[in-house]
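What follows is a pair of complexes built around chain A, which joins chain B in one and chain C in the other.
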Partner chain A sequence: MLVDFNFRVILEYLPLFLTGLRSTFFIAVVSIILALITGIIACSCRISGIKIIKYPAIAYIEIVRSTPLLVQIYFLYFGLPTLGLRIPEIQTGILALMLNSGAYIAEIIRAGINSVDEGQIEAGVSSGLNYVQRMRLIILPQALGVTVPPLLGQNIVLVKDSALLSLISVMELTRCGQTMTSERFMPAEAFLTVAFFYMCIYFCLKALADWSQRKLIFREAY
Partner chain B sequence: MIEFKNVNKWFDKLHVLNDINLKIPKGEVLVICGPSGSGKSTLIRCINRLEKIQQGQIIVNDTPVHDKSTNLTKLRAEIGFVFQQFHLYPHMTVLQNVMLAPVNVKKLPKAKAEKIALEKLEQVGLTEKSAAYPAQLSGGQQQRVAIARGLVMSPEIMLFDEPTSALDPEMIGEVLDVMVNLVSEGMTMCVVTHEMGFAKKVADRVLFMDEGKIVEIGNPTDFFDNPQTDRAAEFISKILTH
Partner chain C sequence: MISFYFGRLMEIFPFFLKGLWMTSKIAFISLVTCTLIGFILGIFRSSDSTILKRVVGVYVAFVRGTPFVVQIFIVFFILPEWGIQLDAFTAALLAMAIMGSAFICEIVAGGINSIPRGQWEAATSSGLNGIQKLRLVIIPQAMKVILPPLVGQYVLLIKDTSVVSVIGIMELTRVGWVTVVRIPEGLMVFTLVGFLYFIISYPLILLSNYLEKRMAA
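The block that comes next holds the complex of A and B.
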């Protein structure tokens, strides 16, 4: 049992795990930034009154939310090349995570915006504030508080989802565990180590989420 | 000052405003009453284009409100609007609530805007609350802040949509007092309210609406003591027994 647990082999594979960690970290950071941009754009289109940008945004969000991420990854990885579009695994992976999280982020932001009472917007309209001013001065400051914690939650999901990229042979953390397993057949050591690194990332993001909750959530004063 | 010419408005099939013709001269205080759903809110919300109309014209100070070319920002700055539910911005202090429009719409320097905002807060008797957040205030105080927020743009017209209906009875007086003071300054006012005392004391005319139509319009004593239609009589007896 535990006496059989081989720490030496973990140490031996540590350099590999660290490259995996770096790769996961890199994929996560890039995907999160791109997903945020995608989400903001999709949300702006979704809430706009212009039909030709509103309906494509709804279609995008609903397609992503109604299908498994693995299917989306496989579609991009196997499907796109047959359609004549060839991109490397890691870019495919980032694209998949970006599109997937972007849709969820769009809905998170929309919920934040919708949480602001319609009456306040009318009060802003009545005093002559234009759309951009109302967004900037009334809606977004209040939406931010309710949006940031679920956004960080979505980022935690994204980090864990990035494990699926191991299935299209992106050399990230989980893939490193698979590599070690196939070379040494020590799955317990391999995947416990992998899990440990995911936990480290998780606790960092969670600390950030808790901090933001305390700092950013606007509470009506008491 | 405000003129409705053959105004018609529908919400889908519902004919909310049915051929409204109305002239409100400068300095007039018009009280609007009528049963729930009769279109009172809609009527005054059309004046600053919170609602669109489908037919007719509304003219405020020679400006056709519902024309495409109308400068809405300028128009809305001339019209203060006070809501039943106050709708203060909860993330801003009282002073910031009142200063928001002068700084951002009129582009006044902060110090100047603050000075004007404090004057208006004094006018509604809330100078000492300027650093408080809305949630720290009573309903009556919040509504007075909302009135100050409307006044700060120096409007020529103030519109009130049931300003005291969301208030506990003991707070109604303080809000009505502020409004009575406005009347004595010569403000043009349209007030949707069922406060008969207020109407009798300061209104120049009372307008009674039902099912989107102006059923009666006249001076308050005539209207309350001697209504011309059964519907108005029934309505008055209802608010009296309340």
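The block that comes next holds the complex of A and C.
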């Protein structure tokens, strides 16, 4: 079993894995920033009273949430060229992750805004604040505490989701494992190393999420 | 040109229904096994035994910390190296069971932990034994907390069955992937695939929203 685990080959492939790790890191950071922007825009459309922008936002969020990410990735990967758009795989991948996570982030932010008590809004209205002021001064500061922990959780999901980009041959961590498997036929060494790197990322992000949760509960208590 | 491809797509539509059937089969079997294993592990995780808690905790951390596609590769490529022969279908079900039960375990443990200590003590003083306490007192109350996220998790599990296409199982996503090679209309083919997934998972999303509202009231 683990007796003939070949560490020498892992060491030999370590530079490749580090490139993969860097690539996964890059994809995750870029997609999370873009997804956050998408999420904020989608959420503002979703909660607005104007029907022309509200219903498309609902459709976008619900469609993304009820179809698998892999299908969305293939949809863009095979679909964009038929529209005459030829962009590199990595950009297709980032686009898919951005649209996917954006919908989930929109729902997280909406849940945060809805968690603010109705009375707070009424108090804002009777203090003579307009919509933008109410949002900026009353709702968003309170919603932030509820929103940040699940947002960091979505971060973890996004890093794991980026593994699916290996299927459209983006050279990230999982793809490195596949490369090593096909070159040396050592799947155990390859994929356990890949899993190890993902675990490292997971524990860092998990520590961050737990820390933010403690901080925010602390703030709420006082 | 598009109408020509649309006609061809309709010709091979039965092929998609076969894929949908395969997806439903994998989803159904894994939802049942995941729920069973998940509940048992969840009860272990919320038990007083430190060793059980730790062991389940490590398992959950490993599953939650790695992408599902990597887990499938580990099950499918590594187990045969260690002398366990698996066909693709069994490997897919095994990977789904391992992944899903870890997530359901956390939901169940969260539900059980939300029940106040007093309920346990009341059950003990009523002379109930360990299993009776769980079955008659704790689980029925915990279900209120467990049910909405559990249905949400079912949606995620159904969507995750698309990933088992990487080991060559002819389910919906794989059917789309095979089709797009012969009918080069990616948008059309994967809109159809997405629509079929939508039919299965959207009712469950609505159910989850409904339960959330009802249980909160």
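Before moving on, here are some points about what is shown:
We adopt the following convention: the second predicted complex is superposed on the first by the 216 of 222 C-alpha atoms of A that agree within 3 Å, B and C clash if a C-alpha of one lies under 4 Å from a C-alpha of the other, contacts with A are read in each partner's own complex, and residues count from 1 in each chain.
We adopt the following convention: a contact is a pair of C-beta atoms (placed from the backbone, for glycine too) under 8 Å apart; a residue touches a chain by one contact, two chains touch by 3 or more.
Values in this document were obtained by computation on a predicted structure and should not be read as measured data.
After superposition onto chain A, the partners chain B and chain C occupy separate space and fit alongside each other. In the superposed pair of complexes, A:192 makes contact with chain C only, with no contact to chain B. When the two complexes are overlaid on their common chain A, residue A:79 makes contact with chain C while staying clear of chain B. With both structures placed on the common chain, the touch criterion links A:174 to chain C but leaves chain B unconnected.
Applying the stated contact rule after C-alpha superposition, one finds that A:52 touches neither chain B nor chain C. Once both structures are fitted onto chain A, a short way to say it is that chain B and chain C open up an angle of 100° at chain A, using Cα centres and rounding to the nearest 10. Residue contacts after overlaying the shared chain place A:142 against chain B, while chain C stays out of touching range. Greater residue coverage of chain A by touch, when chain B is weighed against chain C, goes to C. In the superposition on chain A, contact is made by A:70 with chain C only, not with chain B.
Superposition on chain A places chain B within reach of chain C only down to 19 Å, the least C-alpha distance between them. With the contact threshold set out at the top, not one residue of chain A is in contact with chain B in one structure and with chain C in the other.
Per the touch definition, chain A reaches chain C in the complex via residues 1, 62-63, 65-72, 74-75, 77-83, 156, 160-164, 166-167, 174, 177-178, 181, 187-188, 191-192, 194-195, 198-199, 202-203, 206. By the touch rule above, chain C contacts chain A in their complex via residues 61-62, 64-71, 73-74, 77-78, 81-82, 155, 159-163, 165-166, 172-173, 176-177, 180, 184-187, 189-191, 193-194, 197-198, 201-202, 205.
On the side of chain B, the complex with chain A involves touching residues 48, 50, 72-74, 76-77, 79-81, 83, 85, 87-91, 100-101, 104-105, 132-136, 146, 149-150, 153.
Residues 117, 119-120, 122-123, 125-130, 133, 137-138, 141-142, 218, 220-222 of chain A touch chain B in their complex.
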